[in-house]
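Got some structures for you, see below.
Two complexes are shown next, each including subunit A; its partner changes from subunit B in the first to subunit C in the second.
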Partner chain A sequence: MNHKKFAAGTVALASGALFLTACGGGPSSSGGDFTDDKIVLAVLNDQSGIYKDLSGPNSVKAVEMAVADFKKKYGDDAVVDDIEIESADHQNEPDIANTKAQELYDRKGADVILDVPTSSAALAVANQAKTKKKLFIDIGAATTELTGAQCNKYTFHWAYDTYMLANGTGTSVTEGGAKNWELVYPDYEFGQDMTDQFSAAIEKAGGSVDGTIATPFPNDNFATFLTKAASGEPDVIGTMQAGGDLINVVKQYNEAGLRDRGIDLAVGLMFITDIHSLGVEQFAGTTFTDAWYWNMDEEARAWADRFTEETDTRPSFAHAANYSAALQYLEAVQAAGTDNADKVVDQLEGKKVDDVFLRNGEIRAEDHRVIHDAYLAKVKDADDVKEEWDYEEIVATIPAEEAFRPAEDSDCSM
Partner chain B sequence: MSDVLQYTVQGLAAGSFYALAALGLAIIFGVLGVVNFAHGAFYMLGAVTAAVLLDTTEIGLWWALLVVPLLLFGFGVVVERLLVQWLLRLDPLYNFLLTFGLTLLLVDLVKRKYGVSGLPYERPEVLDGRFELLGVGLPKYQLFVLIFSIAVCLVVWLVMTRTRIGMIVRASTERPELARALGINVGRWVTPVFGFGVALAGLAGVLAAPFRAITADMGNDFIIILFAVVVIGGLGSIVGAVVGGFLVGLVEAFGQAYAPTYAQILIFVLMAAVVLVRPAGLFGREETA
Partner chain C sequence: MTAPTTTTSVLPDASAKEVHAAITEGRGWTRWALLAVGLVAALALPWIVYPPIAMDIAAIALFAVALDILLGYTGLLSFGQAAFWGSSAYVTGLVAIHYGVPFPVAVLAGALFAMALAVPIGYLSVRRSGIYFAMVTLAFAQMLYFLANKWSDVTGGENGLQAVPKNFFGIELVETDAFYFYYAALPIILFGMWAAWRIVHSPFGRVLVAIRDNAPRARALGYDVERYKLIAFVLSAGLSGLGGGVFAISHGFVALGELHWTTSGEAVLITVLGGIGTLWGGIVGALVVVTMSDQLTSSGFDGIGIITGSVFIVVVLLFRRGIWGTGRHAWFRWRARRQ
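== the complex of A and B ==
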């Protein structure tokens, strides 16, 4: 107890001293507008489990890159010099996410929490952000609830959501001639949500969903589910499985030779790390919607090269989105001249943004959905792959306004 | 009809993994009295080792089917000598906890080294494609898995029933005191038996590599089903483990086909039913259970 008091005293003294030096020192730091004379960006995500590779520790690296770029851009003109990065592992559990978010906001002085994959965990953190009146920018989770019924003033949704995935893949594959669908989905919130969104998109585009099959989660044996889905000879089987389960589905889809029977496979949510881990041969020809691809143009590629120097791997869209969110947050702080959450939100709302990740981006004020161009991608044939991680061919760009759910369809009221 | 044939083959192929791995589990339990919770991790190691061998040395599936079980046998021997043997005299719970801890350790080490999104694996081209049977195209690889594992189970069964080593192992399993009284050095067989059990789990892992996701977590759910298999078959019963394995595979496949939501629950319903009717399992004997 005494130790704690002593430590707290020291910290108070030290920050007091810092405060004084800051005021007396350079004109650049207007310390008074910053609660603790610094900005703390906290990355809360899966550091050890199934989403580690697609986001995880490398997202922290991406945020570090954003901080470095911000400092480089503003140098002495930056409104704040001291920018710290915290990270924590929520293990995809809503309870842990909830506790960690409180700890980050209250004890680590986090001004913004970034990433948070897994919908249930993201919704828990959104609730904390609302209570604590601190910012939360979600990247890794897919649920439209974040910008729907459970939206709030301090929560933004940056990269993608179930509507974007279903709308992109469901609509374009149906319009491409595959009218009859069978959907296979993991029986939990994400899978059910995706199946509803896909069904809506498919029917709107003139196709029909002949059957849906709920599977256990996690699961490693899909052989029979696939045989059953294929028995009605649909044009395409849509799978909503993710991560390791998706790999099982694809391996067993190939095993059963369904492509040779003219039954295509469409994937609800896929990250480039999935293609890398299974090998491009197994996925060849699969259609899916991507939020960003590292090799889609010069700008993306240049950034990806920098990322690779830091991490030895190519970035997923989640990595790029973490970079983008951190950078735009810092830009907003710079413009507001303070870390006061309400003022930063004012800066972000309605802002049109173009950066390495957001193309034709806009931070929608109505529901805090960040809209941007999305991409319909096809996995290349092994023969067309020119270098490692060169897996995707962008077939079409879905313009920002069409890619995401229109604001008027959202149940959000802030 | 063609669907039923297809589901049957799929069920038996899935059952092959369960049968092979459960066989190892049953032998280890029989001779050592150890409930080896790390069996799922050994199955995972088998698949991961096969993937790493293919990636680094281009050793394909055929050689992996030989090399990987040998490597895992060696690993099992080390684990038994270094860890398991010290707890054999204590309550079985101690080794259960030890192997549980070992599982966490192995899974995390693999995650650290190879990440979480899995490793690629390609099978030999001979096993690509389908085999026409009664007008139904059955994946060649599934048939191969089925035939191969039945062959391995048969060999193990022959060794157990027709050779001196097998007799000693069975005697040590079923009546250790009596075996000792007859001058058999039961302790001598403990280490190789453990290694052999681990090798069988590794073999199941190699067979799974071409059509399951190869990730550090692949053994986590596997081990739970495996326990169900062993309980259904009868703890420590060699025939029971094999029959239980194929039975559970079939239940899983037909469950997925006709009651998808209940596919996994059905396995445990079956387990509960078996335990109610025959507490020692289908082939277990009351005394050993």
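== the complex of A and C ==
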């Protein structure tokens, strides 16, 4: 360490200064029930990349709606008047998510971080929540790890996960008569998980998986994989591709004319924004599991209309889930009378909730999985679409207890 | 450059002379002043920017400096430096998780692994130069990327290696507060910087520059060109590994992206932006790029890539010596005029 001899002076100087702030700095607790006398909700998600449309800036709008509804409901009785919303773009990079989460908790005084799509980013934020002892409610990520091996006291998983998607579609479609499956999946964590869970659900429902085909990720040309999958004349091909890859699979499935050969397509993970961007005719007839649909009933529709006034677009389930999570967090704060994370967690755990997004909802105490009714949806034919975004027909409702992984099957220990 | 050479210098001629000038002339007060300013800046950094970001800047600066040993001083454009940054990050993370050793030990283990890995990769790739060298290093790095992706029992695959502890002799402030962690980890970075500085300012470093400028002549003078390149490659890998290890510990996890070719690309971008063949350029480049992308993520502007891309294009087109290189060039000219 050659530097030391000429740096000794600077080091002494800096370390002196360092001790000065060490005494003055640090988070100041005002002694009241609320840190800084306010609540800060932070939305951390993809505001510029592939998930921008399905959550992105409009999730911030949804959270704003929740704050407005909370204030309207409690008025002067609200335990806290000052509710702020912060947001940051994690660009789907776990490194950025990790740093931003720290910054939101430490510097922006965030009491809770919401959304965080992309599993690796969500797991990184969950670890920050655990370290900082602040709440994290994930909505956008799919991994069951959040409520499995990597669960922790401060992390909740709100809307959906791979188990829900695979189990919903796999079970319902098999019970609907499609017994023989071929699964096509992108060869990484998410795809492998989904394939395992799909296979389990299909076999449990009395169907059989004749083949699983791994594809590179990301990938453009799925023709050979689809041909291979179709060669055994299965009843249905299940695809675990998502986003841009899914769009390619669906296009090439249509080009190969597989539907005309009586081979259906079931999709593992699909958002209404995917249907919107590719066009409903491409997806027509496809079956998938949805956590919520904006036009599924009057209550959802009324909320969706409010949302549309703010954003000029229809909400995805992630938007509704962000609203729901923010609202239920604020309700828990109201009940606890403080933003102290441990006390808010106590309020949330085991709570039964019904709101515009959560139907027959329960915030499970064992693993912090939030369970609620899920829906098996079918994409409408273009002729049946009555208005813009009117793309889905809800075929079946999967009751909350059956929709999600049972708590005893999770290897979560808090 | 009149004689045909097998090694293509990546630097414009003028700049190459300046590198030489910097090595031989930089013995005056300017060098010490620069080092002092740099050190004060390093110590002051977490007071100015958010400490985890400050740590990112320091780690990535070392990464860029390590790359500069190859790019600027040996004339080898490695496009697979993520292999060493990333594999060190994984090894550091795994050692920290499974053995619970203080983090500097884990980082050292990571860097040693990166050096060991660089021996076979370097042995096979330094025999090529120019675009072929870049492609071979890129291929090896991509191999590692897919290996880490597949071997998810160990690496966590796409989900990343989570919950890497910051063990530091039970000193809680360092283990939990990013501000103090910065000062605990900074010596590792400074050691890396010092090592890089020693390497390029040693007789060994001059041989590297000689090889860069004219490999056949260096060979004619009796230097084993391949061996020198290999040693430079391994040393650069070790320093990249130090940076990657600190980065992993600082973040508390390792993302698969650390091994991705975009990470290699970013290192090249940062080095070129700052100025190749200057060492300081890597530091300045890291400061600019990391701060800029951090500011942009909070700005609500959704075209981050457009901004960083435009800045890069402007720098490459208008200031080919990079930020530091341009500044230094101006300084040399000013001094030359005064004399």
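By definition in this document, the second predicted complex is superposed on the first by the 383 of 414 C-alpha atoms of A that agree within 3 Å, B and C clash if a C-alpha of one lies under 4 Å from a C-alpha of the other, contacts with A are read in each partner's own complex, and residues count from 1 in each chain.
The rule is simple: a contact is a pair of C-beta atoms (placed from the backbone, for glycine too) under 8 Å apart; a residue touches a chain by one contact, two chains touch by 3 or more.
Given the structure is predicted, the values throughout are model-derived calculations rather than measurements.
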- Message: With both complexes overlaid on chain A, does A:Q91 touch subunit B (first), subunit C (second), both or neither?
- Response: second
- Query: Should A:T227 be classified as contacting the first partner (subunit B), the second (subunit C), both, or neither?
  - Reply: first
- Task: Return first, second, both or neither, reflecting whether A:E189 touches subunit B, subunit C, both chains, or no partner chain.
- Result: second
- Counting only touches as set out at the top, which of subunit B and subunit C does A:F198 meet: first, second, both, neither? neither
- Query: Touching A:F283, do we find subunit B (first), subunit C (second), both, or neither?
  - Reply: neither
- Item | Which superposed partner A:F307 touches (first subunit B, second subunit C, both, neither) | neither
- Task: State whether A:K52 touches subunit B only (first), subunit C only (second), both chains, or neither.
- Result: both
- Task: Once the structures are superposed on A, label A:E103 by its partner contacts, choosing first (subunit B), second (subunit C), both or neither.
- Result: second
- Across the two complexes, find the residues of subunit A that touch subunit B and also touch subunit C. 48, 52
- Message: For the complex, give me every residue of subunit B touching subunit A.
- Response: 3, 6-7, 10-11, 13-14, 108, 111, 115-122, 129-130, 137, 139, 141-142, 210-213, 215, 217-218, 221-222, 252-254, 256-257, 260-261, 263-264
- Task: Mind listing the subunit A positions that touch subunit C in their complex?
- Result: 1-3, 6-7, 10-11, 14, 17-18, 21, 47-48, 52, 57, 87-91, 93-96, 98-100, 102-103, 106-107, 119-120, 123-124, 127-128, 131, 143, 145, 150, 188-190
- Residue ranges of subunit C touching subunit A (in the complex, touch as defined): 32, 35-36, 39-40, 43-44, 47, 50, 52-53, 56, 149, 152, 157-160, 162-163, 176, 178, 183, 187, 190-191, 194, 251-253, 255-257, 293-294, 297-298, 300, 302-304
- Note on the structure: Residue set of subunit A touching subunit B in the complex reads 48-54, 187, 213-216, 218-221, 223-225, 227-228, 231, 243-245, 247-248, 251-252, 255-257, 271, 273-274, 276-279, 281-282
